[in-house]
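Naming follows writing order (A, B, C, D and E), and every chain is counted from residue 1.
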């Protein structure tokens, strides 16, 4: 078993390298096509949000229906502080993250006293309330007319105005985000969170401070979302409250679920599939039905979503993990299985039959 | 006098809206109590019901027949939905099932857009256009219909769940599906029936509201969301509480809008709801859940 | 009444039951004993339709059982009192009991009522907590409720998975003692899986010893009680006293 | 006294589940709680371990009054437990289940974990080793990589015991540890518990299997209808007429 | 930079982005249909200067991100010559930075004046629009109020970008016309029953009630106003100019005033009206193609397409030339009005492009 573990670790490291190479090389493959690059950037931004949510849902077991609110907090904090208060975008990003974490803390303390669907409801309510603020707090957010003229982010004084450098910047954030999430999952904290999933009483009786960990994950996911929001604001330079309402929150939820919450990669995979599916349908549907508008895309999107989840209830990463195990571990697993059976079924009488 | 009539007006506004939420919320409760699924396409049943009914009426069908037919059609759609989308995914997690229902609601909405386009449609009220004047407030007959229908539906459902053996079996299904099967309860049939009935209730809600606010392809989302809130506030498995929740949401909205600010109305009513939940973390109408270690 | 021939069951990759032959006669109480993980619960689950055998046949009253279809099997008169009790947490004790008779509730309302009273006589403890949600009962109370609920189905064949688990010694004695008369009274055949081997063998007519997914031994319960191998493996020190 | 229970009461609405119960457990002792079904044993455990606050009386653990403390705080102080209705983390492997038990001994938070500080890695290593050795003690080391939920009932009990013991708490509460084990297996577990006791563990346990109780208990507390009806050495208890009447029945042992 | 980037020989690529589904579908769908119809018509008549027009149209589903991505796709991948679209202001505003950076002629169909004259004063050389800005519509409405002598009014707007933008302009211009709001309220686009809010309006006892929203929600509010027994005249926005509004509001619709493009009342216009012929032609063609009446929004798309086509006729496929041709458009007779563009005015419409319409017996009647 030990050797099996090591083997897969080795393979995984190798996979990481290949992945990193693809990631870095992708822009050159698409040869400066800014459309593809912006698609990738958008995937990256969504991935950041949904990675945080994956931690929250998959490991802390909490469904959030209001994540876009944190995305919005990041975006508006950055927008306001850079455009009106003249802050540097980096500082503004950090401030947004801190604010999001603070809000998550304040909201989380009472909210995490709630259970199950009440929690989903509370996050939904939080989303609605934040949306109202974005909408009505016109002095700061520009209200429904939107907030435009957000300055770009700068590195060493150079504004990142084109897609290529922004792509790398976002990638860096995503990789760091996934890496951080992965480390947490594989630690004492991650284990405790999964334990909460299994049985809250038991986890708590073993010394796991349930509220603390849930709250920490909530705050962490808020930070992820807020960072993504800040980056978005500097990238598109125009934001409006509709981007941060309930519907986007639901889209984030969809991404997390198609990606699967069993792996920290779920967020990235889900975001990629979600965006690509939409773009692909945009290209394919008109070929099938020349006169169709977007409604067909919506219908197909809905159908695909349903079919996908029926056949892959653990999301794409779940399927990938399964396939991976089948492919690489089949023989090893089988050996282990038979051993397990033999040892489970303790022999007492018919020892000679063994 | 002024204040009094405003109060009555707000009260009735709240009751009208609340009764619509209530009908849809009942659908949530039924589906949830049998299958454990939060069906976020519930609001779209209302949309389908309203638009179908409108189409039938416009094709010259008698009003009552059109209502019956559209409810039946939506029930069939609900049953189909259960068979094709829910049944195959029975074992999935809550989040996955929620997203499946969202996917289905996309499909419903997209198809409705194709069939009926973006225009809002009108449906005639059940009984005349005149309004009732009460304590200086104006109340439409349709609002009274809405309240009556939701109360009747609720009573029927309540009796069914609490007074019949099938009702108990329905509850058993979600508490412990494994044990329910061991008792010989056919979970699949129950779940099919539940979805059909909730779809029917949703359709009814749509037909009741259409004369008041019109019907269009995207009306389901908002109704669904509000009803979801009502159902959760009521505890999800508890029909009377869901009804109370629905009226509470309706009234909160109405009073927040009337006395405070319409822009902040949603935030205010949500805020109040959350505040209440924080003090009663298990819902407003918590019953003993029967869980211990 | 029930005959199993060469039944195999898998849990995923795991080959749990490896060719089970079992014969249960009308009105008998058959005990199945075996170590942890031998596959006892799996065997009962398979008969009840929870698991589907990958091979082999099961015949009940001369007809093949509809494998894997719990509802149909319940209709044939087979009822499982499962491991871990599986109480309906949120429903009252009374509702739990009545749901046990779900399948015949509409057919013979009077009978159900009579059974309900009789079952409560057997477990007087339950009588005092009829309106309490089942999930709030103590472990032993839940166990009583599970057995009682099984009896409410008035099955032809009752499958009991570790019915004595968590019951106080006095109650174990009572429960075990009443199985036989109960079977006679209701014309119920029973399969009894027990860790309390001694009690099981004392109660049963016939017994099987299940080991690692196969039947290692079987015979008249009374004979097995005196069998050296069984004594050594399952009764051990208890026999010394 | 490691644990002192004083006039502890707990009622649920109208149900008086535990009423004015007092007793103590000394360091290194093995104390059994017995009583008929529904006597209040599990409720007593729940109140002691902080699952819910008692409605009357108090509990002192290591000299500290624990009323109002949460289970995780008590676990940090050195009190863990197992459950009558098994509460395994069924989607996690057996080893991971036990590693969760080691939680109080570790210190890493989300930052040290997230940034993968060397300290966190070292702690993980220790946790794994401890878990495996504890599993070996209950005889389940070979199943470390299995999903806990697929284990047969009896073995799940053993996992719970290993999980409760791995952090070396000063007191472990066991709620019916033998349920689901056959006589031979229970005897094996008895041996394990006795070894642990040698290693300095203190146990308070509920058990219906009188053979086990007689074999390992130093002292027995008997509850009936929430009240303590007897307390004493095993030999006294089995002869106590009230206990025989309420719990054991005539002609036992 | 190659001047002839728009497609191969004999082909002219025009990009379009509409919100043909999602929240803004009632606006975007007729826009998309109009443009598709026009492209077909033009191609049948030989395209522009002998080149076939290839329309690449995307539906942004009323979502800002989709609009941004589609813009990039049009620019980078499809390499179109010019872009029409952005049904709603938010989407247009999000698209503009890409467009200005790429330097491509762009005609927005949304109304907000921020599109061409942003508050932050940044210049938008490539951006044009064909919808009357809210500033223009509001001025038309205010002058109407002033004329009628209704100076104490209640202002109600729908709580979305359309409504708030109208409100902003109202607040800005009302004092100039001596109009004062005695009540200001918002209602949701999904409103079922607005009586709660209207009780406050009733208390304020206004001389007229202004309802600023699109058909469905405005109909609910209009009905509720009458049900509550508020007798004051109702003036609404150009957003209600569809048959749906009259169906939904029923009796209550009668007597409602609103400013609108001439398309609604095309057949009632005096023959002397320069737009009449164009309007009737569009109406006829659209109804023939799609079986329902065209809307003012479709009209904005009609204008955008023709403006662009004319500019291309003049400037060829060179983007800068198209741009300056657009900027120099004078006296172009469109659906929304007669356009006079200039360097400072990328809309080219004034309040005269609107008329006041009243609903009488379920019909739109030109009020003069």
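Assume a contact is a pair of C-beta atoms (placed from the backbone, for glycine too) under 8 Å apart; a residue touches a chain by one contact, two chains touch by 3 or more.
The UniProt protein names, listed by chain, are A = ABC transporter; B = ABC transporter permease; C = Metal-dependent hydrolase; D = ABC transporter ATP-binding protein.
In this text the structure is predicted, and so the values were computed from the model without any measurement.
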Using each chain's Cα centroid, which is most distant from the centroid of chain C (Metal-dependent hydrolase)?
-> E
From chain D, the most remote chain by mean C-alpha position | E
Expressed in whole Å, how far the mean CA point of chain B (ABC transporter permease) lies from that of chain D is 47
Taking each chain's centre as the mean position of its Cα atoms, how many Å separate chain B (ABC transporter permease) from chain C (Metal-dependent hydrolase)?
-> 43
Here the gap between chain A (ABC transporter) and chain D, centre to centre from mean Cα coordinates and rounded to Å, is 39
Junction residues of chain B (ABC transporter permease) - those touching two or more other chains = 110, 113, 263, 266, 293
Got the chain C (Metal-dependent hydrolase) residues that touch at least 2 other chains?
-> 14, 35-38, 136, 233-234
For chain E, what residues touch not just one other chain but two or more?
-> 21, 29, 159
Within their complex, state which residues of chain A (ABC transporter) touch chain D.
-> 1, 180-181, 183-184, 186-192, 194-195, 197-199, 201-210, 216, 220, 336, 339-340, 343-344, 346, 348
Chain A (ABC transporter) to chain B (ABC transporter permease) touching residues, read off their complex = 57, 63, 110-111, 113-115, 117-118, 120-122, 124-126, 128-129, 132-133, 135-136, 201, 246, 250, 253-254, 256-258, 261, 295-299, 301-306, 309-310, 313, 315
Inside the complex, what are the residues of chain C (Metal-dependent hydrolase) that reach chain B (ABC transporter permease)?
-> 48, 50, 70-71, 74-75, 79-80, 82, 86-91, 95, 98-100, 102-103, 105-106, 133-136, 149, 153
Sites on chain C (Metal-dependent hydrolase) touched by chain D in the complex | 11, 14, 33, 35-38, 41, 83-84, 125, 132, 136-141, 143-144, 162, 165-173, 195-198, 233-238, 241
The chain B (ABC transporter permease) residues in contact with chain E across the complex are 2, 5-6, 9-10, 12-14, 16-17, 20, 110, 113, 117-122, 129, 131, 138, 140, 143, 209, 212-214, 216, 218-219, 221-222, 253-255, 257-258, 261-263, 265-266
